[in-house]
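Below you'll find a set of structures to go through.
Both of the next two complexes hold subunit A, though its partner changes from subunit B to subunit C.
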Partner chain A sequence: MRKTLSLYGLTFSLPLLIWQLLFFVFPLVFLVALSFWTVKNFRMQVDFDSVNWVTMYGRSVFWKAYGTTFALAAAASVLVSALAFPCSYAISFKLSETARRWAVFLMVIPFFTSYLVRVYSWQIFLSDAGIINVMLGWIGLGPYALLNTVGATMIGYLTLTFPLVVLLQLFSLVFIDRTLIEAAHNLRCGRLRTVFAVIIPSARVGLVIAALFAFILSFGDFVSPIYLGGGDPTTLSILITDTTKSGQQWPRAAVIALTMIGTLLVVAFAAVRFAYKGRTK
Partner chain B sequence: MQQNAGLTIGLTRRSLLATGAAALATPMLSRRAFAEPTELTMLAWYGHAEPDVVAEFEAENNVKFIPKYYTGGDNMLGLISQSPAGTYDVILSDAEYVQQLNAAGYIEQLDPADYAFDEFFPEFQQFPGHWADGALYSVITRFGFLGVAYNTDALTEAEASSYNVFWNEALTGKVGHFDWHLPNLGQMSLLNGNASPYDIDEAAWAGVQDKTMSLRPQVGGFFDYGGTFSSLNDGQMLAFCGIGDWITGVLEKNGAKVRSAIPEEGGLQWTESFSIGKGSQKQDLAKKWIQYITSAKGQAKSANMAAYPAIVPNQKGWDVLNAENPDEAKRQGMVPGQSNAMDLIRSGRIKYRQLPLQQDLEAWNDFWSEYKGA
Partner chain C sequence: MSDKDTASINRNRAVDGALKLYIVLGYAFVFAPIAASFVFSFNSDRFPSIPLGQFSLEWYQAVASDPLVWQGLRNTLFVGVTVGVLATALGFGAAYTDYRYRFFGKQVYLALALLPPTIPVIILGLAMLAYLSRINLSGNALSVIITHVVICAPFAMAIIRLRLSQMDPDLEAAAWNLGASEWAAMRHVIVPFAMPAILGALFITMAVSFDEFAIAWFVSGLNETLPVKVLGFLQGQVSPRINAIGTFVFVTSMTLVILAQLLLTGRGEKNRPAADE
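Then we have the complex of A and B:
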């Protein structure tokens, strides 16, 4: 049965709808239009020309940056999921109710400080004369090039996504039916096998959504690749700034941005489909 | 302030109303006591409307600057094109963008008689691009040189006296780029022996690209303004391409072991100049500001600007700086009568940074993206 619209319902749903229209749909439509504009002598002109799409898609730099960004984001989401899982597993199954509450609180604390500040503080650890290399020096090692590497970019991605991924994983692990685990144990299923045969499949939705968030955040991130990776290799976010910085090429930047949005939509749909695969309700 | 105090010591409706009324009345009270300062908007690189530069002018003329800071000429053009005419009273621009500003009709024509050009070094009395058909559109206020920026612990001045030092094996992974194609590629063009680094034909442009590409394995990163500062300051990068004293001078003054050298292949000159925004309602005040900052007194302040130092074109400004701050005058090579910045220019070792003349800016930018991605 269809429910009729009530004033009460509208009061709560309309602001969200208006918000989405104003700050998501309208800018997106504008971005699409912008990608067909042209730039002449530093000035954007309203136009309908596919030149920006043809130019960007014809450039090997673009596809290389696309491949790099996709690979980095995918690696980050796999890595962070693998590292976060033991943590969220321990919090949800090994800790007491009180300790668990504290652990969740601790995972929220990183959000108190700006991500940019946290990334800058990593420079103090990773630079050639930084904390890590100085400590390695005490035992006669190094110095190793840590900053301005892909590894440093990955550390930045972990800084960005780890707490969120732990929290998302946690919420699905906490709600796993404990009787399923007991049943597995009663059927003489070992600890490790229980994790892979019972816990992970039961928490699949949460785990996949957590990994998806890690992918989305890393894919669009500008701060880590520039301040920890030293802008090398070029990611799509860096390519956007490059494109706007010279010659006012906002329409071409719009092409990159739309490609990124399209990619994220496809990845998100695929992930959600995979997460809910086989579920009937 | 008052509201915050109210919030911390138990808030009642009455106290809230009282503090609110007091807060609302405050501007009225101050208006009665002093004339409200006139607001003057300035579009500029960071630092130009900070108190160390503008405080005196603001106090003398009862003006309050409202700055809008940008990074790079393209960013500036973007901001102007997106704002209605008259948004910015005063516009500080890199010299190579003045022609673009003028072509787009964003700046007012100026009267040369208003400004102390007779005090300027002859080289800067008719700066190219600032004049069109004999009419003046912008007044040069400061400039600086771009060369090899280096860590003084890692390299000697002799080593840094050629751009070839960037290919030094000891610097592999330790050469940084300021992430803007124009100064970097201009320096590569100088290294390739192009007398006019931005006016090169297709063969020379191909040569610049090849030369630049060969540097790629040496490069440790591409940095923005903040990243350039931090990577030089903590010794992460030992040599830097595309910058000069405007970055290393700030670090050096704060004790970092970095300097800039003008190599034997030559250096580039960045130049900043002031214009009055088209349609500004406060043109007289804007003119007064440009007169002030290009006067001897203003020039000495500008030379020593906290955000980034620069050489000034007003000879009397050099005199004031030498009287007020001889160390800084010496550090920047602004001491008359001894080997100084003007000698560098006059010996032909300095070329103006420009937009490419024979290629599209797009071609340079696209190559820069390719270089970064290589």
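Then we have the complex of A and C:
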């Protein structure tokens, strides 16, 4: 391995570096500057004024949306982890090699279908005259208001995160040393206890990272809360789209966005610390 | 090893059965909306539900006769292909850098190369909109391309890096020893070896770009891509057309993904013995 960067080496390494600096780092840094700009007569002015921060942080709407978003994302990440685990567990321990490969391939497919289309499809299931209510009608129940509820938002979050969480959990479960599990069985460790005392601790890193990704995705998603949750309760992402798209209040939207990034950084840091806690690496 | 082991570890048939049933349920949840979208795209009812109405192609006709949809499709294809090529080129460069070089600040370099997909798209969309309009680049196809490359390049890099890690590092050194210049070794050794992954990355990044709507919605202005159009339909409640477009996009994306899959596994396996020796 050569260590010095030559013209040859730079030809390959620099383009991505420049691109990500120009179009990834700079826009995010610009967001910070933008949050200190002011808006007068519907026009943005370069400024250094904390007015946006003071206004946004002084509004109860903002804090309510913040609490809602955080609670929803946290609930979604716990729920999806709990629901996905038996599935990824079964795929990694109960299926043959070939079946497992197929299972992985099938779980990848949703990434290449439009999330919007899937959300619209859930509307077909959940609406008042939708599939689920019709089926419930057959056995004399309902109709229930399923759409525009928090539960519907949750289904949207699950649609978004379930495949990713299953795949991430799978990757950590597949690499568990099988002899550990056999040892546990030989030592008369029960089935459930093996799962909680051996398998989950061994796969902790993957499980936590999966939950973290579920949190990040749900925290930033605006499609499910609007089109399945009916926009009520308001989440931070809805607040951003409203502030950006209908008003010219980009600096305030920047404040919301930066608060979200800050929150995600703290959560990610805490999650990674927890994931690697006690590991000597 | 796995088959024999699993058989010896797990004895309870009822639990096994229940777990397998659970897998089926999990996949049913994942595929229910996809399947419903496919079925209802051929259904005549304005407000889709069961029992099904008649078989009908009216939503496809409605979509096909909408010039804005065609416009969106052209934009999507143009953006997708450009993004695929650019993101794959940048991703290849980064993957090769990571494969071959060790340098100060490499961690930062890799973080920059891999982080973008973890930032919520809505935040990235807002940041890009504000930034690009500041440098007079917003509101056109170019701004969508720029942003999509940012989020697609990491996927390309990951795919190509995985392939490079299957390559014997001595191969490149051997080419140099035999008198090849660095450029010649790149052209005749590295690129051919990584080719399946390069094509795979090309198709995957295209597919990611085809489906991305949030950032495109923020920065595209009047040059809407097809997914942004779908978002418009979703807001406007002219709904079953979404199923027709969705089915079309699904078939397109899946074709790309399956092509990528064939390239990554099929040809990869043929090449692997040579690399392992």
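One rule holds in what follows: the second predicted complex is superposed on the first by the 261 of 281 C-alpha atoms of A that agree within 3 Å, B and C clash if a C-alpha of one lies under 4 Å from a C-alpha of the other, contacts with A are read in each partner's own complex, and residues count from 1 in each chain.
To be clear about the criterion, contacts are C-beta pairs under 8 Å (C-beta built on N, C-alpha and C of every residue); 3 or more make two chains touch, one makes a residue touch a chain.
Bear in mind the structure is a predicted one, so any value in this text is a computation, not a measurement.
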item	value
First (subunit B), second (subunit C), both or neither touched by A:Ala103	second
Which of subunit B and subunit C A:Leu34 touches, first, second, both or neither	second
Contacts of A:Ala145 with subunit B and subunit C, given as first, second, both or neither	first
Between subunit B and subunit C, more extensive residue contact with subunit A	C
Partner chain in contact with A:Gly231 - subunit B first, subunit C second, else both or neither	first
Subunit B versus subunit C as contact partner of A:Phe23, first or second or both or neither	second
Touched partner set for A:Ser127, first subunit B, second subunit C, both or neither	both
Partner chain in contact with A:Thr244 - subunit B first, subunit C second, else both or neither	both
On subunit A, the residue positions that both subunit B and subunit C contact, one per complex	120, 123, 127, 129-130, 227, 244, 250
Residues of subunit A defined as touching subunit C within the complex	1-3, 5-6, 8-9, 11-17, 19-21, 23-28, 30-31, 34, 83-84, 86-87, 89-91, 93-97, 103, 105-110, 112-125, 127, 129-131, 134-135, 158-159, 162-163, 166, 178, 181-182, 185, 191, 213, 216-217, 219-223, 227, 237, 240-241, 244, 250, 253-254, 257, 260-261, 264
Contact footprint of subunit A on subunit B as seen in their complex	72, 74-75, 77-78, 81, 100, 103-104, 173, 176, 179-181, 219-224, 227, 230-231, 234-236, 361-362, 364-366, 368-370, 372-373
Subunit A partner contacts - residues on subunit C that touch it in the complex	1-3, 5-6, 8-10, 12, 15-16, 19-20, 22-23, 26-27, 29-34, 36-37, 40, 47-51, 89-94, 96-97, 100-103, 109, 112-113, 115-116, 118-124, 126-132, 134, 146-147, 149-150, 153, 157, 169, 182-183, 186, 207-208, 211, 213-214, 218, 227, 230-231, 234, 239, 242-243, 245-246, 249-250, 253-254, 256-257, 261
Interface residues, subunit A side, partner subunit B - complex	41-44, 59-61, 64-65, 120, 123, 127-130, 145, 147-148, 226-227, 229-234, 238-239, 242-250
